[in-house]
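The same subunit A turns up in both complexes below, where it pairs with subunit B and then with subunit C.
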Partner chain A sequence: MERGYWIKSKPVYNALVWHEKATAHLVLAQNQGGLAVLKLFQQMQPQQPVTVIYAQHDTDYAKTLKKVVPDGLDVVSSEQELLVSLKNIMPSMRMGLRVYVAGSEGFIWSVAEVLKTFGVEEADIMKELTDTLARTIYCVHCKAITHNITTNIGKCSGCARMLFVRDHFSRHLGAYMGLMIDAESPGELPEIEEIYP
Partner chain B sequence: MALNFKKETFREDYTYSNSDAAIKRFPFPFPEDQYMYSVNIEPHTKGKQGSVCEFTFDIDEHYVAECIDKKITLEQDPGRYQALPHMMDAQWDFVELTMGALAQDYPEHFTLQKQGLIWTWENKPLGIKDTFTFGDTSTLAAEPFDYIGRQLQGDFVLLDHRDETLYADAGIVTSQADWSLAFNVGMSWREWHGPVPRATELGVMDRALKYLLNLQIGSPVRRLNWTMTVNPRLDTSPENYPHWGSDRNTVNAENIGDLVHLRVELQTLFRLPRSNAIVFSIRCYLINLKDIAIYPCWAKRLHRVQKTMHPDLIEYKGMTKFHPMMVDWLAKFDDGETLAIGTQPE
Partner chain C sequence: MTMINVKVAAIEQVTPLVKHFTFVKEDGSSLPAFSGGSHVVVSIDIGGRVHRNPYSLMGSPMENEAYHISVRRQENSRGGSVFMHENVTVGMPLKITYPMNLFSLAKKGRKHILIAGGIGITPFMSQIADLKRMGANYELHYAFRSPEHGAFAAQLKESCGDHLHCYIDSNATRLDLQALLSDQPLGTHVYVCGPSAMVVATLETARNLGWPENHIHSEQFLSPPIGEPFKIQLARSNVEIQVSAEMSMLEAIEAAGVEADFLCRGGVCGRCELDVLETDGALLHNDHFLTDSEKASCKKIMPCVSRAKGERLVLDL
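Let's turn to the complex of A and B:
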């Protein structure tokens, strides 16, 4: 394919910026996403109430966040815990809530999946990609999901086929399409390279 | 006129073939010597007698065999049917549209009797007769879209209209040209057409979307799309790519006329009355190169179209391996005669 060709289903992530028109703000971050939250607080602090849930891992911005976030900061120790907190907090949220997410792509779409059950559309969530470009892959053959693929070709966790990682992304599944690379010529694999570090 | 339904297969031994009449009515998609994407949408009005556009939904000699093939594919992979929960109104709309059209256009094969909401549907070619309450899913053995979708040739996607775009929120897809319903379900128009090369640059997808958002009840539209497939295989899905991908290696100069098929999709779109959803119907027609060459003007036209095909489209349509061989094979039919614009075989 020539220059300029790209698959439009692939999400584009931006730097987080406060939305002034809101009744409240909810910020969800994981690991290095903490820095994205600190960058948010470098901007004007909103008038409306702000809630921040931060899952710390190997990089820890919790200490700094505690100094910067006026109130409403909840530090948890894993993505799973964060998702549980999110489920607990959402019923008390009201129309006009703005949601901001910063973390790995896997994290962003896990959060989006939970928010969808509360009627929050994916397009209305502000997203910043941090930590890693690692991809979640949906095997189109056996339907298994494989996480943290950092290479152009990855092994399916379900059927062990070697999958070419396409740029085609499903928001519904939160995953890129993986297609068997050597179906036409079994065993012939191109060089496997890390391209999503 | 009663149809003679053929016994044939679309997998393994591939006994599929077209009768002389089926070849003559084949929806040849190239009116000009060159091809590029365009918004080639036109009103789905009644076509000439015997043509594939004579009726709302075309039923032909392959009907029974295609329904059997669809059943096999769905048994092996139930994920070929998907319907998000909010699409139930659209499902019943679909039942009303399809049963009504088939009963009206092919009364010797299909009948629909309504007593208020109690409907009796009879499908004679498939030996089905059921009475159910319209709008009550518990009175059918399957979801309504699944129930009747299995009794139709071709694929169907139900598009939900919201946020000024169309979402592919339900589908029954077993004869697709290498796209996955299980992966695409829930996608918006732009996401789902994301991989099509050149079309976005040309603005084709945006214009087509604009057109479809204005689609009115009772004024369906249609277009033709095409690709090439090795063997008369309906299920060229990405799911089963490991099974059919290597077929491309089997093409050689001797067998190409039998093996390589032009695959034409008659795509029709209908606005539905209750749900405001849109039915996207994709009806697949297959013909091998030998049968195309029965009509010299088709062979000449296909030769010119393929010879000048954009390299991105050769790759996107999966023709890379056999494309030069196909152009060579077709060249012997082309004397360079000027062809009038049009697709008629003679």
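Let's turn to the complex of A and C:
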């Protein structure tokens, strides 16, 4: 890619840092995101109430988290379970809540989608990318969403077209745009390489 | 800048200090559409000197036959509001800018809390029309000095019903910002317009409670303060201009025949920003646009409301 070129729609993720001003904190993490949560608690134990929901499948930060998080820790075994817990607790939350998310990009935007339905805007969420650079792609031809694409070109789960994975990101869909790579010359594909491990 | 030729269709004394002006197009055609929270800049000629003051549009954005503004008489100012009160009469032609919105509603908001102090009610008058049309959840908190100063309180009671909460200083009823902002549903936005102390208190309270910055909105037009006279040099135009005590830098630049960009003329929008090439004294920043570090750097200045002290100020214009 051209040096210095940068699509503004591509999200920039940061390391989680507590907001000093808040009335409550909500931390949502998945797998390696558990380490990001531990780093948060290394900064300090906030004065305000904290709720942590952690989904783990291949990592085990839960043991340490149980020691570090004073109360309000909920450990679940999958992203789906986490989203269900999230939907259950959100109705009691009020303005002044600060939200922190750490996990894969797919996880971050699944959480953002749920939060949006409760009035929390994407821009208000602090996000840390962990685990993988795998991308969710949106097929601009058939509108299907395909998850966990780790290569420059991925196959659409809807129409089976081979899609070039762009940097152009939709916050609304939580996905990168995918364009048919061999539209001009069917079957002629550049080399497929893993670039989002 | 393209201006709209209007004439004054009606003037109404709303409170002892506030007059309501109705403008229609001079040629009888419709006025441009606008959105709730917009303002226009009104040009008035006082003894050969052009004053341009921003005023919020108060009418419904649905109506494009007339624009409505309200002007509070400011005794210790440079005369713009006094002229509007004493010299502007029905039928008089005036020039205004196209509407501009620096205080629009957050369309994604779930609930809107509008906080007005005194004449700060004006931008909310048009926003309320939008909120009602959208069927939005909102509350209007309106504080004023005494019953006779509650411009539009009766009209608002009529249109807003239970959404309106009034606080009257003389009745010792006060708005408790802390209580109001500590128990609001997620997705709430707060908007404030009024005296400086009220705006600052609202911003501080919301921030301290952890409200995200993009949920907090304010508008506060400043009038150019009166100050010591000073001189400026415009590098590209190659002229030296004297800025008198009662004139703003922007007005002095315009009076010298140099074209400068502007929109709000109240230190809010940032459009008139100029690069400072050289200065030997202090810049007296009065705007709400530049950040504190930009102000400290002495590299930029907003000529609509800011002034300078010293012998030499060279601007890139």
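Convention: the second predicted complex is superposed on the first by the 195 of 197 C-alpha atoms of A that agree within 3 Å, B and C clash if a C-alpha of one lies under 4 Å from a C-alpha of the other, contacts with A are read in each partner's own complex, and residues count from 1 in each chain.
Keep in mind that, in the parts below, a contact is a pair of C-beta atoms (placed from the backbone, for glycine too) under 8 Å apart; a residue touches a chain by one contact, two chains touch by 3 or more.
Since we're looking at a predicted model, the values are computed, not measured.
S.K.: On the A-aligned overlay, A:Asp71 touches which partner chain: subunit B = first, subunit C = second, or both, or neither?
M.R.: neither
S.K.: Quick one: is A:Lys10 in contact with subunit B, with subunit C, with both, or with neither? Answer first, second, both or neither.
M.R.: So A:Lys10 only meets subunit B here.
S.K.: For A:Ser185, using the defined touch cut-off, is the partner it touches subunit B, subunit C, both, or neither? Pick first, second, both or neither.
M.R.: Touch partner of A:Ser185: subunit B, not subunit C.
S.K.: When the two structures are overlaid on chain A, which partner does A:His172 contact: first (subunit B), second (subunit C), both, or neither?
M.R.: Once the two structures are laid over each other on A, A:His172 reaches subunit B alone.
S.K.: Regarding the shared-chain residue A:Phe118, is it in contact with subunit B (first), subunit C (second), both, or neither?
M.R.: Touch partner of A:Phe118: subunit C, not subunit B.
S.K.: What's your read, subunit B or subunit C touching more residues of subunit A?
M.R.: B
S.K.: For A:Thr23, is the partner it touches subunit B (first), subunit C (second), both, or none of the two (neither)?
M.R.: Only subunit C is touched by A:Thr23; subunit B is not.
S.K.: Please report the subunit A residues shared by its interface with subunit B and its interface with subunit C.
M.R.: Common to the two interfaces on subunit A: residues 121, 123.
S.K.: Report the residues of subunit A in contact with subunit C in the complex, numbered from low to high.
M.R.: My answer: residues 19, 21-24, 90, 93-98, 118-121, 123-124.
S.K.: If you look only at subunit A, which of its residues touch subunit B in the complex?
M.R.: 1-2, 4-5, 7-10, 121, 123, 138, 140-141, 143, 161, 166, 168-173, 177, 179-180, 183-186
S.K.: Which of the residues in subunit B come into contact with subunit A in the complex?
M.R.: 79, 163, 180, 182-187, 190-195, 197, 200-201, 238-242, 245-246, 248-249, 312, 315, 321
S.K.: Which residues, counting only subunit C, touch subunit A once they are in their complex?
M.R.: The contact residues of subunit C facing subunit A are 108, 110, 181-188, 207-212, 214-215.
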